[in-house]
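Next, two complexes with subunit A in common: one pairs it with subunit B, the other with subunit C.
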Partner chain A sequence: MSELKFIFTGPPGVGKSTAIAAVSEFAPVVTDVLATDELSDIKAQTTAALDFGEITLDDGEKVRLYGTPGQRRFSFMWEILIEGGLGLVILVDNSRPDPLADLDIYLENFSGFIRDTGAVIGVTRMESHPQPDLDDFAAHLERHGLALPVLEVDIRRREDVVQLLDVLMMTCEPA
Partner chain B sequence: MVRRITLGACGLDENDRLVLQSLINILELRSEVRWDFSSEGPGEISIVDLDSESGRRLWGELCRQPERVAIAYGGQAEDAAYRLEKPLRSRSVLQLLQDISRERYVTEAESGEGQSGPATAELSGKQFFQQLIDLFESGTWALRDGDRMLLIDGPRKRAWLRGPVDVLAGMARKSFARLQVLPIEAAALETAARSLDPISAPALIWYFARHHSLALQADLANRRYRLRRWPNLRQLGAGPDDARFCALLSRRWIAFTDLELVAGTRDAIGLLNALAAIGLLQVRPEERNPATAGTVVSGGLFSRIRKRLGVGA
Partner chain C sequence: MSKRIKLTEEGARILENMLGHFVAETTGVYAALVSSSDGHALAQWSQSELHGSKLSAMSSSLLALGESLSRESGQQACQYVIVETLDGFLVDLRVGERMVLTVLARKDGSLGLLLSACHQLAEELSSRIRKE
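Entry: the complex of A and B
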């Protein structure tokens, strides 16, 4: 039987590990290494392989939550992680210099997976960095021919992460 | 005596006819004549779709009748004195019809130029909603119903409300039939708005459409729906359920019955109303294949995950 899993992706430091921790039954397994590039200014350690969390359903079945390594040098891992995935959560950090360009990286790299399953976009740190706003994200997606859900989130809050997953599942509902 | 003019739609498709019908209500407020609408035939003024066979057939005939005005819509017509481009734009239609009616049908005495007196209209709830959308197209307006008051700044897409947002619920009820719609000077609007609560145009339209049981789409059951663009739910003041229902429409064409299954009839209608009103909904006719309807199911796996996460299935 194939593994049931949701994938969390986004740029380094966006909070993928934190998001998984918010809903996982156990503290996520995090494979961090010392950040040695520009990321070291904002984050001492970064995820080298993956984050891994889990929730157990009533019948004992497991649903895994995987976080991709954020740095592009680890992008070879992305294809492996998405295999058989149920859907994609893209987290975007609005405090970074060009959040829309960040989003493009993940839309492009996961385009097939998004087409085949579904995706939701969670924008973080909007309270301190309101631009681009949610309309800008939606318009940007429309230019890509997409109407993917875009929600403002605080990934430290469990209810925000749950909402992302709930909305993601709605986009993935079979028709 | 007030002049009555019939606006005829010749060869137009259903969507365009619905647009024109709703614009007639606005014209009633803005012009010095009274308007009737003929959805399938010529009037004193006719909008003729030259891309349709019936429209092309009528065009020459209408042009030979000097007492009638024919407006070319789409297609090619070098002899057209008046013309509208596709798709129909409310502002262009209103402007052209006002210009023609003033030019041809209103005498100076009838126009009442120099006289004061705001346009006043009694509208049904549904008419009100459709006009509300159009009022944001241009101009500044004060809408009154007893103590309730709504000020609209069309060009800036802003509005102000006397009282909390709940006041809108009262306005959205079907019983809200006696309404004054008054043009207001921009300066007077600024003064009146000072003490009132601001609300954005999309949020106002969303609220009305979402909480109004009237279906703007004439035949909900025989169409499929899909989002053109994800709405800014935060700005619209929409709730978590709206995000879930919109998500269903975000990736594929959904039949009304499928949305109804997940959202319930009232919310399904309200949501489609609201998305259509803010221009984010795509609509297409239902394919005549009953097997494709009613197939969205809250998948067993997702239901179990939701249950585990503690959210509604």
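Entry: the complex of A and C
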């Protein structure tokens, strides 16, 4: 039986832990530590190693969900966490100064994994920050030679996160 | 409310001196680093070349995992994360709430004495940082 494992990544503070907590059937494993840099102006804690949660599909299959730390200094954890993964959810916060540049960091660092599996982009806080819009994201991805689904999401809402996972599962080729 | 850690040059020098003294006085220890809880390098003293920023980020992750594992296992607070290799030990522990101490040692002395020395240094660093 194939192992269903998906990875959530994106910039610090975008809501990776929140997304996993919104859908996991148990209280997720978290590795929060106190933030001591500019992030601490907006958020007391940050993920230092991983988040882990689990959901069960209608057919009874378990899906394991891992969240990465957002900061590039923790990129060694990115390498560890994608092992055996079947797809990537990239969350982008539209209220940050340059969401497309944020996206590029993860497209670049996970390029091999995205090529081998698949990815979906979830854009948060679009209600208050409508630009760039979904067309801008699609055009940006096209300039990278990528055609990935881009969805507006509120990652606090379980149905939005489930939708991201549904789209990802439709996109990904099983390993 | 922001909880940034900003070490002055003087503060960093004091930490490095404390780490240097610890490395010189503790059997088998050849390097010691202080990092922020979220993996930024703050101060280090080493007898050999080390990539301090990488070790700081990894120590932050490892200690966070150790603490998470302790919680999930229903045990009490994690005191140390210890990695034993063929030729040495790596020890990670908290300094107060916002910092991590990483100590690298050869297997010249006993692990018990090493942990005791690490614990004492963490207390001294914590107390010194509170005064600064």
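As a working rule, the second predicted complex is superposed on the first by the 161 of 175 C-alpha atoms of A that agree within 3 Å, B and C clash if a C-alpha of one lies under 4 Å from a C-alpha of the other, contacts with A are read in each partner's own complex, and residues count from 1 in each chain.
As a convention for this text, contacts are C-beta pairs under 8 Å (C-beta built on N, C-alpha and C of every residue); 3 or more make two chains touch, one makes a residue touch a chain.
All of these numbers come straight from a predicted model, not from anything done at the bench.
Novice: Which holds for A:Asp166: it touches subunit B only (first), subunit C only (second), both, or neither?
Specialist: First partner only, subunit B.
Novice: Touch check for A:Phe76: first (subunit B), second (subunit C), both, or neither?
Specialist: In the superposition, A:Phe76 touches subunit C alone.
Novice: Applying the touch criterion given at the start, work out whether A:Ala22 contacts subunit B, subunit C, both or neither, answering first, second, both or neither.
Specialist: Touch partners of A:Ala22: none, neither subunit B nor subunit C.
Novice: For A:Pro149, is the partner it touches subunit B (first), subunit C (second), both, or none of the two (neither)?
Specialist: In the superposition, A:Pro149 contacts subunit B only.
Novice: Under the stated touch criterion, which partner chain does A:Thr56 make contact with: subunit B (first), subunit C (second), both, or neither?
Specialist: first
Novice: Touch check for A:Asp133: first (subunit B), second (subunit C), both, or neither?
Specialist: first
Novice: May I ask you to name which of subunit B and subunit C touches more residues of subunit A?
Specialist: B
Novice: Please write out, lowest number first, the residues of subunit A touched by both subunit B and subunit C across the two complexes.
Specialist: none
Novice: Any idea which subunit A residues touch subunit B in the complex?
Specialist: 4, 23, 55-59, 61, 63, 86, 118, 120, 133-135, 137-139, 141-142, 147-152, 162-163, 165-175
Novice: How about subunit B: which of its residues touch subunit A in the complex?
Specialist: Contacts found on subunit B: 226-235, 240, 243-252, 254, 258, 295-299, 301-302, 304-311.
Novice: Considering only the defined contacts, which subunit C positions touch subunit A in the complex?
Specialist: 2-5, 36-40, 53-54, 56-58, 60-65, 67-68, 72, 97-98
Novice: Which part of subunit A faces subunit C closely enough to touch in the complex?
Specialist: Residues 29-41, 44, 46-50, 69, 71, 73-74, 76-77.
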